[in-house]
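Listed next: structures, encoded as structure tokens.
Shared between the two complexes below is chain A, which pairs with chain B and chain C, respectively.
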Partner chain A sequence: MAKPKVAIFSMACCAGCALQIVNLEEKILDLVGAIDVVEWQEGLSEKSGGNYDIAIIEGSIVTEKEAEELRKIRQTAKIVIAIGACAHTGGINCLGNHMSVEEKKSIVYDGDAGKIDGLKDAIQPRPLNAIIKVDAVVPGCPINKNELVEAVKCLLLGKKFRLPDYPVCFECALKENGCLFDLDIICLGPITRAGCEAACPSINKECNGCRGWVDDPNQNAAKDILEKYGLSIEDIKKRFEIFNAYKTEIMEKKNA
Partner chain B sequence: MHNNKNMEIHVENVTRVEGHGIIDVEIKNGEVTKCLWKIPETARFFEAMVRGRRYDEIAGITSRVCGICSIGHHTASQKATENAFGITISPQTEKFRKLLMHAENFQSHILHTLYLVLPDLLGMKSVVEVAMACPEEAKIVTRLHGLGNEMSALIGGRATHPITSIIGGFTKLPSEKELADMRKKLLNSLNDYFAIVELLGKIAEKIPVFTRETEYISLKNNTDYAILNGNLYSSDNEFYNNADYRNVMNEFCVPHSTAKFTKNLRASFMVGALARFNNNYAMIRPLARSIAEKLGLKAPCHNPFMNSVAQVIETAHSIEDSIVLIQEILEEGIKKECLRDIYGKADAVIKAGEGIGMVEVPRGLLIHNYKYDEKGKVIEANCVIPTNMNHWNIQHDLEKLVPELLAQEKTKEEIQLACEMNVRAYDPCISCSVHEMRLVNMDWK
Partner chain C sequence: MRFVSVNKEKFFELVNLLIKQKKERIVGVVKKDDDYIFNDLENAVELCLDYGKPTLLPPGKKYLLPRKETLLKFQNASSEIVNEAKPITLIGVHPYDLWAIKVMNAVFLSEPIDRNYAEKRKNMFIIGVDYLNPHPNSFCASIGTYEIHDGFDLLLTDIGKKYIITIDSEKGEKFIDKYIEFTKEATAIDLLFLDNAVNKAKEKYKLAMPLKKEELPKFLEDKYDNPLWTELAKKCFSCGKCNLVCPTCVCFNIEDKAELNLQEGVREREWHGCALKEFAEVAMGHNFRGKIEQRLRHRIYRKLSYTVSRYGIYGCVGCGRCINSCKAGIASPVEIIKKLNKE
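Right after this comes the complex of A and B.
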């Protein structure tokens, strides 16, 4: 049987999620034996140009050109996996969406914006699924590399890859960590999807919601926590924006 | 016989570098009519992202400028905020931050020199091909890279985008036993490291011979090989006041690039491992110095292709300096810091003001600069990234390199490869360089 063809693409992002693939270290040598990495601009010189079994994509879409490229990848790939917060929720790239594209260009480039070719087709940043159908998501900023390996294995075996459907608090409690709210720190553990093994709260740093909202957050429990610590929904919302500004934007449009 | 009188070289995008960059060369009747290093990378407008955000969120946002040097961004950002509020950190925190910076330097230099540059020197297309052809060496490479990441994770909580390092201190420190184990692993890694140096020594003659003297800019101080602290220093003009950095960077825009370019006293300047090596050779650790002698790199060196060799030498410095730092920390004993105190440190002193943070990251000098309001929210922000500083220097290298190769009657393929290798030597991080931030109408002191 021919090895499955896997391509890795980077849209607008810090490239930290693709780096997690390199960070598999010696495991990457096994991986390279099981799959055929046919395209990866940052790692290989070759470019194959299509018919992928799996396309792994990091980053948000911030130009028309990228949107077009993404549609082309979708047409030629059997399975598309969005990796990392930028691809999944739009990530921090959407944090500036309270300003128009023109406003952003003018603050950053002053009067020069008009003459720079690469800025002409800039659009408001958005996640992949705002443009194409995504088959699976490996969330996080950066991703949990083991979760990516699991996702690839599942999808190659024809199984559906499922993410945990409970909040980070659940994993945090299992580790018997103290609660950061007791230190007056706003933590998004109660509403954020688990699967990171409570990476941040376990070392005394608040959860900033990089894995996105759990499907059915227990709103009453969340409200109880806020009340107990004298916090408002606005406090949480502002924090949640860091990695989920696109979702907040969509929700506000719906409510308007 | 000239077989290269007319040629077009168009590489879109240069592979084995982070981000998107294009080499565009056109030769007509033996004359170079076009030679451009273009940056089409899409802009991310970080300025818009951080405006109005609280001081304690900023490092976590701006570290996302770059996944590969996230520790450097995180640290520069914290230093800028601490500078704005007048916060001092303990000598112990200082040591742990330096360890964290070394861990990143170690990881990133191995990634660049061995995953991205080595295939060129072996005449191969990618590290995958290298892994197939030399499985034993590939294992050494992944072991070294893994150790750099393990050290980042031990101090920072994970390999990419550190968690534990916050304004004023750390939310969690490793135990003394964990540190002692790490010290042992670093000592043991030297065998792997020496094996790599051996290998590089054998293929070093594949590094192109090319000289173009330029201005070398880095941090510099009197106490160490500057990574975490120091003053702006130019090989042409000695020290600058850090607050005057804008007058050293002189950022400007060109139509074919979404990244801003910089220049100072000459046509262009260079930052990164070679610039640091040239400016701070006297402060480098003895092991690194012996490797430099072995690989034949002398300061000052004006061959940009040798940047990768300087990175290999700096890797030895990072390993040795980390071993010494850990020893010092263990001898002094780790002082436990109260979590509530660390978290409360900044809250107690928030004030309107401006701060600058400068560090040396794997690719060179990194500058973060913020202006805060009285509630500790960002009004304006600016970052200047090493790859921005190097873009214009790459442009000037290519302008000298292409005619030289043409005169040597090199083929199109050879010229193209040399151009790509030149770009790669700088270890560019292009998405970083198009992050974009900018200050407007700011009243600079």
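Right after this comes the complex of A and C.
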């Protein structure tokens, strides 16, 4: 049997997720044994011309050109995996989405935006699934590399790759962390999807929701708690939006 | 029953000796930030035997039903059963957690016996310690789990400068005989102090179950459709912490995991919990308890009624860990019974 052809693409992001793939070290050798990486900005240079079994994509979509490229990848790839918060939720790229593209250009480039070629076709940043159908997501900023290996394994085996559908708190309790709320630190663990082994609370840092929300977050309950700990609705919204601004944007449109 | 006494310094010397011998894992209660956990000991000074707040995870569950355990290894068509159980000594298990181990025994040592659990239990030596500084969220006195007379090898009771040791097993006898120079036979006065300490502690509990525990299964019979469950569900995150931290929540999930070469793999079991949405989900995606209120209700019925009818033992030992850990403030069996009782 021919090895599955895998391509890795970077859209708008810090490329931190692809770096996690490089960090896979010995595991990547196994992975490489099982797959054939045909295109990779961080690793390979030659272009292979499509027909991928799996396309792994990091980053969000911030220009028309990227959107077009993404649609092309979709047409030629059997399976698309979105990796990282940028690709999954839009991530921090969507933080400014409450402003129009023009407003952002004028604030950031102080009137010089017209001179910059790459900005001509800028659009509001979007996660991949706002533009194409995504088959699997490996969330997080950056991704948990073991989860990526798991996802590729599942897809190779023809199994559905399932993310945990319970909050970070579960893993936090497994790690025997005391709860940050008891130290008056506001944590988004109760509504954020587990799978990172409670990376942040385990080093006494609050969760900011980089893995996106569980399927069915109890937002009212979350608001109750956050309010109880003295946060205003505006503060709460800001915290929710760090990694999930696109989702809030969509929900607000729906409710409007 | 045999009792001996040991000076505190002597006891710590003994623990250090055990650690040095490296014959088995020596695990005890230690401080972690504002909490306590059971952990491998490097030195007896780490031990906090007068702890009041129950450890974050219960010791029985942590070491008898590890969070992740390999049950089977397979390679191509052949498989091999895995049953790893290394000798381990636990130091500082409170009576409610000893009661919880009884609940686990009822579940795992009744037919069909769980071989992995049985092997681990056989290899475990338990040194308990009486719970003399109850935490405000514990309610052991009201359900009778504040004291215990069996289910341990040794039980320490702090009477000031020394511990009285109650011996309840052959292994315990042998242990005391082996280290006879550390202890003295207990005197009648020692035993008076022991009773006194336990009885005094019983009066210190701030929280109590409003009904006698024998009344609870009957009481719950007609509370199944009570609106309270939906009320509580509005606040629940389905985070499963109330299950994880509970010493008698012993549900697990079993999964086969293949390696990348697709030739070999393992069968693993991992902790699970009925408060999680995925818990009652079966093939094709049907979920028997898809609604939060169903899951919350199930936990309470499991603790206060189902285990009684199935195993003749109460599934709640009153430790209060679920109360300590629920950020929504809705997990307390005491509050739930109080509210149901007011209707």
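We take it that the second predicted complex is superposed on the first by the 237 of 256 C-alpha atoms of A that agree within 3 Å, B and C clash if a C-alpha of one lies under 4 Å from a C-alpha of the other, contacts with A are read in each partner's own complex, and residues count from 1 in each chain.
Operating definition for what follows: a residue touches a chain if its C-beta (ideal position, glycine included) is under 8 Å from a C-beta of that chain, and two chains touch if they have at least 3 such contacts.
Remember, it's a predicted structure, so these values are computed and weren't measured experimentally.
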Q: Using the overlay on chain A, decide if chain B and chain C clash or can fit next to each other.
A: fit
Q: Report for A:203: first if it touches chain B alone, second if chain C alone, otherwise both or neither.
A: first
Q) So, does A:179 touch the first partner chain B, the second partner chain C, both, or neither? A) second
Q.
Contacts for A:99 in the overlay, against chain B (first) and chain C (second): which applies, first, second, both or neither?
A. first
Q.
Let me test your reading of the model: by the given contact rule, A:234 touches which partner, first (chain B), second (chain C), both or neither?
A. neither
Q) Does the superposition put A:169 against chain B (first), chain C (second), both, or neither? A) second
Q. Of the two partner chains, chain B (first) and chain C (second), which one does A:252 touch, if any: first, second, both, or neither?
A. neither
Q: Between chain B and chain C, point out the one touching more chain A residues.
A: B
Q: Can you pull out the angle centred on chain A between the C-alpha centres of chain B and chain C, to the nearest 10°?
A: 110
Q: Quote the smallest CA-to-CA distance from chain B to chain C in the superposed model, rounded to whole Å.
A: 9
Q. Which chain A residues are contacted by chain C in one complex and by chain B in the other?
A. 183
Q: Could you please specify the touching residues of chain A with respect to chain B in the complex?
A: 10-20, 22-23, 25-26, 28-29, 32, 37, 41-47, 62-63, 65-66, 91-93, 95-96, 98-99, 103-105, 107-110, 112, 115-119, 122, 125, 141-142, 183-185, 199-200, 203-205, 208, 239, 242
Q) Okay, in this complex, where on chain A does chain C touch? A) 30-31, 33-34, 149, 153, 156-157, 164-167, 169-170, 173-174, 176-179, 181-183, 189-191, 214-218, 220-222, 224-225
(Q) Could you list, by residue number, the parts of chain C that touch chain A in their complex? (A) 32-35, 37, 56-57, 67, 234-241, 244-245, 258-262, 271, 273, 276-278, 292, 325, 327-328
Q | Residues of chain B defined as touching chain A within the complex | A | 13, 15-20, 39-51, 53, 57, 60-61, 64-68, 70, 111, 115-116, 119, 125-128, 131, 135, 138-139, 142-143, 145-146, 149, 157-161, 163-164, 166, 171-172, 253-258, 339-340, 343, 429, 431-432, 434, 436-438, 440
